[in-house]
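Here chain A shows up in two complexes: once beside chain B, once beside chain C.
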Partner chain A sequence: GLRRCLISMDMRRIEESFQGIKNAIQAKDTFQNVTILSTSETLHSIKPLDVCCVTKNLLAFYVDRVFKDHQELSPQILRKISSIANSFLYMQKTLQRCQEQRLCHCRQEATNATRIIHDNYDQLEVRSAAIKSLGELDVLLAWIDKNHQGTSA
Partner chain B sequence: VSCVSGGLPKPTNITFLSINMKNILQWNPPQGLQGVEVTYSVQYFIYGQKKWLNKSECRDISRTYCDLSAETSDYERQYYAKAKAIWGTNCSKWAETGRFYPFLETQIGPPEVALTADEKSISIVLTAPKKWKKNPEESSISLEQIYSNLKYNVSIHNTKSNRTWSQCVTNQTLVFGWLEPDTLYCVLVESFVPGPPRLVQPSEKQCVSTLKDQTSTLKVK
Partner chain C sequence: DGVAVLPAPQNLSVQSTNMKHVLTWSPVIVPEEIIHYSVEYQGEYESLYMSHIWIPSSWCSPTQGPECDITDDITATVPYSLRVRATLGSLTSAWSTLKHPFNRNSTILTPPGMEITKDGFHLVIKLEDLGPQFEFFVAYWKREPGAKEHVKMVRRGGIPVHLETMEPGAAHCVKVRTFVKAIGRHSAFSQTECVKVQGEALPL
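The block that comes next holds the complex of A and B.
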């Protein structure tokens, strides 16, 4: 079957950046009754075969939508978010190479999971959606760490 | 019973204390109410769900903690909790925690440690800590099943030379060799999971003596 395409990335550095802004960002998210990643319906039901495609789609979701839609006044928070965004760009390049070697096949399950996330995002006002997605980075990073283990430091 | 909200100051420093997924909500009494017999009520919220839920066992309690382990046992979800102070017909506004994510925030307790000594080596067998469970009859879940990258930091101390060294391992059996015979060694073990920083709980210190050197005892005879 398709060999999983794994990201080799220092997750600790990204996690550290997020830890520095977690409370501030999550405190700005006032819609506690809504989630973007809605883990039980999406991330937790992803099969190993779909990990690469879902990772690729989620990185694109953050790079192309969340980081762009988020407006931040605090320079400290902005610096941390930029560091995370750069790490995501690096991971995207890694997965790009996998895709060229046809190791990042996208099945319907992966596409469905990604669409749920985009639909959740679209249901909120864009700034609130961006803040909520940033506040859920710990969930995403834990999922990437768990599914791409053996490669992170 | 309804009360006048905001008539009292809020509880302070409300947080989850989580060890092996045993999740205790704790707080400090409101400031400036020493000697006043305040009681508290607690609610919790599952992130992404619709409404706050009462914790009935923590309604009008005088203690400043509440066990929410059962309500927060799905460790891959996130939660909020809140408490308010009540005194007569007055009550405070709610004091609320930040978002609590047990999977990333629970402290990993120490493993069980079994030591066996030889003349020049000590064998150590570690048993991973267990996840909190509601009923003793339930089958145990080892934290190893939850964290496949669970590791142990094993440190050993030679009480004669006062030297300490340590080793980070993932497997559960290891042998420290090239030790001095007839010497007391003490061992401490910490479990940890690579990832966001967590508070660490070292094991109880355990000591064992290596056996006397048999060759030297034979020569003496």
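The block that comes next holds the complex of A and C.
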């Protein structure tokens, strides 16, 4: 499962980076009553068997869409987002090695969960969707942490 | 942008030891003038997906000396591109870019400093504080034929840690190495140090 894949991940550093920008990013989110990640039936219903695949898909969602769609002018915020983005890139490589050992199988449930998130994203104008997704990074990080308690030991 | 009339800084290189990374370059010399430098970086993410984006370094945009502590900028275990330019008033040089991107997994890990003390019969170790990314693998044993080696993982340096209760008259030995989870590497072991209750540290 995920524990074997992300064992060397320094989640604490990523969480610190997010905490540094959370207020500034969430303040720019103009659609407060809409959510992209945290619809309760999406992430929290993921079964252990699907954790690795959903993590891989969500990392790709952020790396391929969210970070690219967000344009940031503040150097301080840019540094934090860069830190998170590059850490996600490293996590992707770690998961890639897992995939090669066939430990990251994608079932239909995992694919459906990912599609819901992409659909939520597509409902919004792209900059708003990116800002909202950045603001919900704590949901993703908490979910990864919960499904991978071994990292923070 | 200012016209590039200043020579660009040369000989960029990174020295990295124990996860402290310093970028250095040859200074640009203009007699009786003070040159400032600006350092910028790109992680692999920016290189792959947003190559037009260069991020001003945390501490050196601008700076005066021909070096820059980039430790707070290198926060992931991926290759980072780095560039520097010189500035004199409104005059600006071209950018000079580090020839090979830097990855923190190439940092030099040195054996940690340690201080072995006796508190009565108790063997106590205090390790060098190298920062939150460092854990310590401590091996200790009683010096006698066939002695079993014990191991303890210490999460943080800088605080005394009790290893074991010693037997009077027996020498007890310790060696330690660091482990950095973020890059999945450990240092070499330190020198072994032995102590004997009622005696001073013994040379090996």
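Operating definition for what follows: the second predicted complex is superposed on the first by the 144 of 153 C-alpha atoms of A that agree within 3 Å, B and C clash if a C-alpha of one lies under 4 Å from a C-alpha of the other, contacts with A are read in each partner's own complex, and residues count from 1 in each chain.
By our rule, a contact is a pair of C-beta atoms (placed from the backbone, for glycine too) under 8 Å apart; a residue touches a chain by one contact, two chains touch by 3 or more.
Predicted model, so just to flag it, every value in this text is computed and none were measured.
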{"item": "Simultaneous placement of chain C and chain B on chain A, clash or fit", "value": "fit"}
{"item": "Chain B versus chain C as contact partner of A:Phe67, first or second or both or neither", "value": "second"}
{"item": "Computed vertex angle (chain A) for partners chain B and chain C, CA, steps of 10°", "value": "80"}
{"item": "Touched partner set for A:Thr35, first chain B, second chain C, both or neither", "value": "first"}
{"item": "A:Asn86 touches, of chain B and chain C: first, second, both or neither?", "value": "second"}
{"item": "Contacts of A:Asp145 with chain B and chain C, given as first, second, both or neither", "value": "first"}
{"item": "Partner chain in contact with A:Met11 - chain B first, chain C second, else both or neither", "value": "first"}
{"item": "Minimum C-alpha separation between chain B and chain C after superposing on chain A, in Å", "value": "9"}
{"item": "Chain B and chain C contact sites that coincide on chain A, given as residue numbers", "value": "12"}
{"item": "Chain B - residues contacting chain A, complex", "value": "45, 47-51, 76-78, 80, 98-99, 101, 103-104, 148-149, 194-197"}
{"item": "Interface residues, chain C side, partner chain A - complex", "value": "43-46, 48-50, 53, 55-56, 58, 61, 73, 75-78, 80, 132-133, 181-184"}
{"item": "Chain C partner contacts - residues on chain A that touch it in the complex", "value": "8, 10, 12-13, 17, 63-64, 67-68, 75, 78-79, 82-83, 85-90, 93"}
{"item": "Chain A residues touching chain B - in the complex, by the definition given at the top", "value": "11-12, 15-16, 18-19, 23, 26-27, 32-35, 38-40, 44, 135, 138-139, 142, 145-146, 149, 152-153"}
